[in-house]
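Heads up, there are several structures right after this.
Look for subunit A in each of the two complexes below; its partner is subunit B in the first and subunit C in the second.
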Partner chain A sequence: MSTYTIPVGPLHVALEEPMYFKVEVSGETVVSVDITAGHVHRGVEYLLSKRTIFQNITLTERICSLCSNSHPEAYCMAIEQIAGVVVSPRGEYLRAVADEIKRIASHLFNVGIMAHLIGFESLFMHAMEIREIMQDVKETVFGNRMDIGANCIGGVRYDLDDDQRSWLLGQLDRLEPQIDELVGIYTTNRSILNRTQGIGVLSPAEAIEYAVAGPVARASGVAYDVRVKSPYTAYDKLTVEVPTRTAGDVWSRAMIRLSEVKISIGLLRRLIEDLPDGPTAPAERPEIPAGEAIAKCEAPRGELIYYVRTNGTNKPERVKWRVPSFMNWDALCTMLKGARISDIALIVNSIDPCISCTER
Partner chain B sequence: MTELPVDLEARLTAAAPAGLRLIQNTDAKGVTVLWCELADKNDLLGVAQEIKAVKGRLMTISVFQPTPPESDDDEEEDGDEKSDDGEAVPPASLGGIAIDGKSYELAYHFDLDGATLTIQVFLAADAAEVISLTPLFRNADWCERDYMENYSIHVIGHPDPRRLFLDPSIEPMALERLIPLSTLVNAASTKALWEKIISHQSDTPS
Partner chain C sequence: MVDTIILLAAVLVFPGGLFVLALGLGLKGVDRRIAARLQRRVGPPLLQPFFDLVKLAGKRTLVPEDACAPVFLGAPLVGVVAMMVAAALIPIQGVYTPSPILGDLLVLFYLMVVPAVVLMVAGSSSGSPYGAIGFSREMTMMLSYEVPIVLVVVAVALRTGMGQGDGITFSLTEIVHYQQIHGAFLLDPAMWPAFLAFLAFLPANLGIAPFDIPEAETEVLEGPLLEYSGPALGLFKAMAAIKTVVVLSLGICLFLPNAPDGLAGLAVQILKLLVVMTIGMTLLRVSLGRMRIDQGFAFFLKLPMALSIAGLAAAALV
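Take a look at the complex of A and B:
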């Protein structure tokens, strides 16, 4: 049977950002996929080497919107290693609080968009309305709904007083039953199950071969979470549950994200209740000597790694990072093989694509 | 926390006959970071095979051109003091590649179940060739394409050496060239903001 090639993207209704797939199809079935990337390449790595070490905290936050807290966090952790700065216990707990708040909002966005792609608009709006609780939390605590500016070198730039802590716990109490309801719908609704189960499969062996990260890896049986494997900030003081599934399909990835939302709510309660006293950040900016360091953190999409090299000047010599989506794109070619044309958007969304992050 | 393979150092040393320098640090949270400089880039494949054998995972590859220690052109830097504390870059790498601002340093970051092992390889500017790790690590494909378009390094045996993020019409070696900031940020704005500021200035008595 003869095949022909159809374009998906670069501007596509199902993608918030531009990515161009050349999809070779035979009838209704995908035979192969070629990805042409680079539509939002901005040269941020180059720009980072032209700004000062401290200016770059603001710049790294703007690499991506949904994991905007993870970038400056990993960058600050790398600089702290070079400068020998130790973050105070309160600073570490507050960093983890910011991390988990962003994780919940990011995961809910992705599962919401999945409902939208299925055509289940009422569920999409319901999921986004639930997510709005976390958006309000961000706006109230940090003053902004996406770029929360929580991190600085040596700690955090925000603090929680007793009123804010009890208000935050109240918001989590409001959120949790709604998440339970959402999990129920995603577990039982026929429209969801029919459209998402058994499609976009990545086997456990393929997940290891492609070195995928985050919920994509965990939905294919790879129990890897940076918070557990190489703990940072306050995660060495917490027990982080790592949910895994083995089916490796679109539905499993969504369910992993929903499970992680539940786990994050639990972690947030512990962090807020056990918040130690003390300073949130050092009073003065440290001197940054020459050196190199690696820092990793678990962004909403998985392992984020930063490599920073300094030479004793006020500008970093090299900053390189790799986002979890970077490997997930290549794995997408395997997930899409044999899929129906109508499922392409759903499968692409299931890796929780982050294009600005990947192309930098 | 993370259990490193007990024979890791022996494996790496055996795989790098030209020599290596291994440093290991464990932080207060029990996270181990290993740095391993190779004297000869030709040992890279053997070392990578050993890492693959102990179930290592390639995380990413960082490439850059280290600046020479003393000749910092526009920064007011006291180079003499820095070179004494042992942290500063030596004038030549392990293996004798001169750090002249044009030579390359490649850092391959591997994950060993939570620990990070970085293998550092040095390339002279006139012999900027390195073997591809794609036969061992599937995800080296994108990592190598990523640095190939930014530096003039030839990767031997890459199965698909196309551009990754930069359009083929863009000049190569993007990170080796000076790109003016206005070009980089594609600076374009209207005069509206400027005119607003000027009109406000004339309103306020000076």
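Take a look at the complex of A and C:
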């Protein structure tokens, strides 16, 4: 049978962001995939070297909306290493709180979109409705629904008083049964299982070969989580459970995300209950000497690594980061091979690609 | 002359043409509203499908460079006309009896295939690869649901014919008349398998979840409709609206046509349409995701096929 090329993207209803897949198909089966990137390159790395170290916290927050807490967090951790600033215990706990809240919202968004791609609009609406609890939490605690502006060099820019803490715990109690219900739907609903099981498979060996990160790696049996492997902020004081599955298909990735939401709820409870006293951030801005540092954190999509070099002036000389999607989207070529046209969007979505992070 | 005018009126004004278009768009509005409420949304105004059509009518139709223009623009016209004639073929008990000149169940059957064929033609003439995928999917779906529905119709025709003592009848008027006297087929257990097969046919023919495969927005960007815009797209929307009424009315005709005479009969008909639509379309599409084309095809080869064969056997033997 002769093959023909269909363009998926750069603008496609099923893709959240512009990305261009040239898909060679034979009938309904994908033969090969060619990924063209660079549609949303904005030159953020260059811009970072033109702004001051402190202005850059705001800029890194705007690289991407869904991981908008992880970027400034990793950036601040790198700068703190260079300046030798130690974050107060309360600051560390609050950083982890912001991290987990963003993680829950991001994962719920992704599993919701999966339902939308299957054409299961009711489940999509339901997942987004549940996510709305977390959006309300962000708006109440941080004053914003997406860019929460939690981090600053040496700590955090927000604080939780007793009222907010008990309110937050109440919201988690509201969220948890709904997540359980959602997990039940995703484990038993035939519409979901028929469409997502056994497609876009990435074997454990391939996962290691491609060095995929985050839920994609964990769904292929690679138990790698930065929060456990090299704990940052308050994670060394917590036991973070790392769920893994071995099937490595689209459904496993979604289930990993849902399990992580459950685990994050547990982590948030611990963090809020054990919140130590003390200052959230140093009273004065530290001097930033010349130096270089690497910091990493677990973004919702996986390991995010920041490299920062300063030269003693108030502007960084070089800031460079590696996002999880960069590792994950290469693996798409393997996942998509032999897939059906109807599953392309589902498989692409299953790595939760963050194009604006990757192309900055 | 008078006959011609009556026929034209039947096709263009009532019960085909304007009436069925308004009815179809109205049903679509209700369907979207109910679906929205089930998903805890507010939903669009009831008249939204009318607004959409008016808006599309005021826009430009772009013909892609690679498209074959006469076919590309002719396809939706053929579809709408076929559906208008089909609507004029279906009797409404107590309100409307189609003239025998227009044709019987077999003609209606051919006309009901037209929308799918027109979509295939549209998809392949648009020059878009997504249109081509839509084409092949539409064809696969048609092959899978066409056999069960033929068997369902034959079952009904056979039951009526045998009841009247003359073998088989393909006159819809007689089928309706027979049920009006002897009771609806819906209440006859021998006809239940055929009815269930019809319920499976409904979403497949109308392109509703879980069988909205040829026009899946997130997979093939509405497939055949991808390159359409303006009035041409509007015609396709009109075609879909009329088709909804035609297919639902056919179901009512075959299984539950009983109604009083006059205006009350019309009201009963609309009420039945609403009920069948809510159960057969709205509830289905909000509670299920989309199947893959191979899954859809396999599904029809199994359950509805078995049901329709059982239905035919039951209609003939019981």
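To be clear about the criterion, the second predicted complex is superposed on the first by the 360 of 360 C-alpha atoms of A that agree within 3 Å, B and C clash if a C-alpha of one lies under 4 Å from a C-alpha of the other, contacts with A are read in each partner's own complex, and residues count from 1 in each chain.
We take it that a contact is a pair of C-beta atoms (placed from the backbone, for glycine too) under 8 Å apart; a residue touches a chain by one contact, two chains touch by 3 or more.
Fair warning: this is a prediction, and the values are worked out from it, not measured in the lab.
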Q: Kindly say whether there is room for both subunit B and subunit C on subunit A in the superposition, answering fit or clash.
A: fit
Q: State whether A:Ala205 touches subunit B only (first), subunit C only (second), both chains, or neither.
A: neither
Q: Using the touch definition from the top, say if A:Asn194 reaches subunit B (first), subunit C (second), both or neither.
A: second
(Q) Looking only at subunit A, is it subunit B or subunit C that touches more of its residues? (A) B
(Q) On the A-aligned overlay, A:Ile305 touches which partner chain: subunit B = first, subunit C = second, or both, or neither? (A) first
Q.
If we overlay the two complexes on their shared chain A, which of subunit B and subunit C does A:Ser230 touch? Say first, second, both or neither.
A. first
**Q.** Touching partner for A:Asp343 - first (subunit B), second (subunit C), both, neither
**A.** second
Q) Thinking of the overlay built on chain A, is A:Gly119 touched by subunit B (first), by subunit C (second), by both, or by neither? A) second
Q. Counting only touches as set out at the top, which of subunit B and subunit C does A:Leu11 meet: first, second, both, neither?
A. neither
Q: Put down the vertex angle at subunit A formed with subunit B and subunit C, C-alpha centres only, nearest 10°.
A: 130
Q.
To be precise, I mean the smallest distance between any C-alpha of subunit B and any C-alpha of subunit C in the superposed model; what is it in Å?
A. 25
Q) Of all residues in subunit A, which touch subunit C in the complex? A) 4-7, 12-14, 27-28, 115-123, 125-126, 129, 189, 191-192, 194-195, 340-345
**Q.** In the complex with subunit A, residue positions of subunit B that touch it
**A.** 1-2, 27, 29-31, 33, 35, 57-60, 62-64, 66-67, 72, 75, 77, 82, 85, 87-89, 107, 109, 111, 113-116, 118, 137-139, 141-143, 163-167, 174-175, 179, 181, 184-185
Q: Show which residues of subunit C lie in contact with subunit A when the two form their complex.
A: 35, 38-41, 129-130, 132-133, 136, 209-210, 212-213, 216-221, 285-295
Q: Give every residue of subunit A touching subunit B within the complex, in rising order.
A: 37-38, 41, 43, 45-47, 50, 81, 208-211, 226, 229-232, 236, 289-292, 294, 296, 303, 305, 307, 309, 311-315, 317-318, 320, 322, 326-327, 329-330, 359-360
